[in-house]
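Dropping the structures in below, format is structure tokens.
Below are two complexes that have chain A in common, paired first with chain B and then with chain C.
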Partner chain A sequence: MNIFKDAGHLFRFAGLFVLAFIVFLVVRGYVVPKSFGQYGHYRGDAMSDIAAHPVKFAGHQACETCHTDKADEKSKGKHAHVNCEACHGALAKHADDPAAVTPTKPDTATLCARCHTATAAKPKEFPQVNPSDHSNGVPCETCHQPHNPAIADAGGAK
Partner chain B sequence: MNLSRRHFLVLAPAAAIAWKAVSAGTPEQSPNYKTADHWWGMLIDIPKCIGCGNCVRACATENDIPDGYFRTWVERYHVEDEDMTNPQVISPDGGKEGFPVAAEDAGKYFFVPKMCNHCADSPCTQVCPVGATFVSPDGVVLVDPKYCLGCAYCVQACPYGCRYIHPEKKTADKCTLCYHRITKGLTTACCENCPTGARQLVDLKNPKDPIHEFLRTHPVQVLKPQMATGAKAYYNGLDGSVR
Partner chain C sequence: MNGVEGFMYPNEIGLQWSVLIVLYPFITGLVAGAFILASLERVFHVEAVKPTYRLALLTALSFLIVAPLPLQLHLGHPERSPEMYFTPHSTSAMAMFGYVYLWYLMAVLVFEIWLDYRKDIVLLARSSKGLLRLKYKVMSLGSDNINPRALHIDEKVGWVVTLIGIPSAFLLHGYVGFIFGSIKANPWWSSPLMPVVFIFSAMVSGIAGVMLIYMATTKLRGQKIEMRCVDTIAMYLFYIFIIDFSLEMLDLIHRIYEADESFRSLDFLVHTQLYIPHIVIQIMLGTITPLVLLFITQVIKLPEQLRKRIYVVSGCLALMGIFAMRWNVVIGGQLFSKSFLGYTTYKMALVTREGSLVALALAILPLFILWALIKVLPPWMAEPASHQPAGD
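After this line comes the complex of A and B, so read on.
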């Protein structure tokens, strides 16, 4: 009176299922990254991967550690809150190795106009000029020093 | 014969579980940066924006963005007096090279910088079928390019149009809030290069951050608040016509 007498084929079938489940667990162990689920339903190491992207803009703090004279000059004028690389471009490579990478001086004709060209869309209190009739082709830096753009002779106008 | 099969069935799953526990290991941690101490966002001060495009260029340089794709861009709105619901919006090349000169005209003009809002309840992360995009513990919406299939569900789901499929990587790409910079104590490339301070990175978990005072004392909005995305790009002085 053995109830399992004719159930051998069922056990073999069940065995196949168990085997498939084990294979699933092993394969899953291989393909799911170790940090998946560390913080949520994503790969935790993705954050450190993204954080490993190289920095291109060194940040004004880096510039000011060496260029203290320019930082002082700039802090007294209207451009005090314009950071260095906003005009000089991305210079993290120069900050890492000042001798190997030397920055080129930006062209004031395009640079100044980028912010200060008059247009109705800009805030009214922002200093704006029409570049074609403002200086008759005289370069901006003839009158305005970019680090402290107020004209000294005129008693610090704009 | 019977005995060995039974042993195998008992031992094999146990071995698999044990092996998985061993292989889990300890992931790398950045030494000085604790994700639990931060909750990042962005303040965008519309009345300060001059539409110079510095942020768009800086973002493209910092993050190697291919031409024609934008993680941040600037729009110029022109709202006519009697047609407040139909603003004319332009963004030539994302505002990268500035804007055409606007003539004095009926109505008003203003610039609106746009970027990922780093939503706390972001629609884009909810639709990802593979767990490739997520809100990090410090409140930044990120994409794991190794997991992304490029199905573009998230591109469709973002109500702000802030995602695209990268033409070379063929995966979803978006603003990382310069995660590689903010975890090193720097500000984002767009904030570093904004000449007027129209953009400011804010840390809502830092009690000393001036954002708390600012949010209390200014009329601040987020984009599409009706979508309840928990957006963390706070716009000061935002016009009602902005979409």
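After this line comes the complex of A and C, so read on.
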């Protein structure tokens, strides 16, 4: 058939596409993990990999079991709903073995500024300050007790 | 905070999409527009633009090769980009674009260029020696059948490919508009007109770009610019520009008339930060001025030299205007808060990964690729011998 002979170059071009497609399928077979798509558009085994990570946070209940004085103090102030590890960091290792792992005390001069530095995006009623104007580098705990930050005489934290 | 006025949510203060994301739709627009110009000759038989046919295809290919680079640089980790093909995500428009890109690159542009050049490639393979011969042999895929019947088949298949290429070009660039138009949280972008506006502006930029490249390459080769060709291109540029401008104005009027809750915020933006890029550069200099200039060439018979100058000025202004349009869409859409109570600013870096120097390099890179492609596959190869310059 002349038509096939005269269109032979087109079949060669089509052959290139087929070849590229086969190479694509082979490479895909190698690089796409077998568990891909098992639960959604991601590698299914990632779930068990993540689940195997050691637990880093102990949870506030674990802290409150021993530190009842601090828990009582905190429950009366504005920070009642702030979790212990939000400020003190992940402390599962300390909860497992309090004697072997002792956490370092946070530096309030920088820690408090993380939440209380004034920005336009925060609600107006949220206590916020310009740290350098407000305390000029003096640690916040000099005036505010972190677990219950309100200054009684001033009628509340500012 | 520096550059922030009023209320901004924290994630709105710094712009997520930089000048590279401005460059990306500009480049894909040039691809789509250049291809549409090529299709004028192939499908719609506009013989006058024939001298630009091959040049338009090569221009489209050069820019298409560079099109993903701004995205790669913006996202980082280019080694992850094949994931888009290996694990296709059918509900993500951005993920599916990889397939649109590949289809347009391989099944449309490369195939059409190969079909159109095949006869020349075979002749070059026959007349050359050594490595050069091997190069052309590989490019011809080892087939040297250029009998009239085989060439007739090429012609027919090429016509079909171009026909398929037109909606593909629309898809390629309509997608970019679709991405912006479908973001309903952003009133500056969210408009069903966006893909259509992007397509027509793409045609304007592509046609203007190829016209300028044709004039520049012809001049560099010491050849005479075919006025019939540039007059026809300018005429199409003018008509498509009118449609593009009408659509943009329709979008604007619709926004003004609708005046939804975002209107005051956007209106303030257009009258302050975006006044120069939107009103002055995009509308006044980049749209109305070239439209008026092109209109003059359509109604008054001007001398050839003056027409050429007007075409060059109009083409450059049109390209500048379309780039400004991309800028105003991409950057403008990120300058205001979704609360409509605040504004941020965009300061373009110079030598960072997403800086202006990188953007400039990416904008120029397609021209170097085009130069290399022209060296391998000269678009004017098929011209009569008398038109060939002595040393070219």
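Simple rule for what comes next: the second predicted complex is superposed on the first by the 101 of 158 C-alpha atoms of A that agree within 3 Å, B and C clash if a C-alpha of one lies under 4 Å from a C-alpha of the other, contacts with A are read in each partner's own complex, and residues count from 1 in each chain.
Note that in this section a residue touches a chain if its C-beta (ideal position, glycine included) is under 8 Å from a C-beta of that chain, and two chains touch if they have at least 3 such contacts.
Bear in mind that the values here come from a model prediction, so they are computed numbers and not experimental data.
Novice: Can A:K5 be said to touch chain B (first), chain C (second), both, or neither?
Specialist: The answer is second: A:K5 touches chain C but not chain B.
Novice: Between chain B and chain C, whom does A:V129 touch in the aligned arrangement: first, second, both, or neither?
Specialist: A:V129 sits against neither chain B nor chain C.
Novice: With both complexes superposed on chain A, which partner does A:A71 reach: first (chain B), second (chain C), both or neither?
Specialist: neither
Novice: Tell me the contact category for A:F36 with respect to chain B and chain C: first, second, both or neither.
Specialist: Once the two structures are laid over each other on A, A:F36 reaches both partners.
Novice: Counting only touches as set out at the top, which of chain B and chain C does A:F13 meet: first, second, both, neither?
Specialist: So A:F13 only meets chain C here.
Novice: After the superposition on A, what does A:A150 contact: first (chain B), second (chain C), both or neither?
Specialist: neither
Novice: Touch check for A:L25: first (chain B), second (chain C), both, or neither?
Specialist: It touches chain B, and chain C stays clear.
Novice: On chain A, which partner's contacts cover more residues, chain B's or chain C's?
Specialist: Of chain B and chain C, B contacts more residues of chain A.
Novice: Once chain A of both complexes is superposed, is A:L111 in touch with chain B (first), chain C (second), both, or neither?
Specialist: A:L111 sits against neither chain B nor chain C.
Novice: Both chain B and chain C touch chain A; at which residues?
Specialist: 36, 41, 119-121
Novice: Which of the residues in chain B end up touching chain A in this complex?
Specialist: Going by the criterion above, the answer is residues 5, 9, 12-13, 16-17, 19-20, 23-25, 27-28, 30, 35, 47-54, 58, 61-63, 76, 78, 98-99, 101-105, 109-111, 131-134, 136-137, 142, 144, 146-147, 176, 179-181, 183-184, 186-187, 189, 192-197.
Novice: Across the complex, what residues on chain A touch chain C?
Specialist: Answer in residue numbers: 2-3, 5-10, 12-13, 16-17, 24, 27-28, 31-32, 36-37, 41, 119-121.
Novice: Any idea which chain C residues touch chain A in the complex?
Specialist: It is residues 1, 4, 6-10, 82, 85-87, 89, 106-107, 111, 114, 118, 140-143, 145, 147, 149-150, 153, 157, 342 of chain C that touch chain A.
Novice: Write out the stretch or stretches of chain A touching chain B in their complex.
Specialist: 15, 18, 21-22, 25-26, 29, 34-36, 38-57, 59-60, 79, 81-83, 85-86, 89-90, 114-115, 117-123, 126
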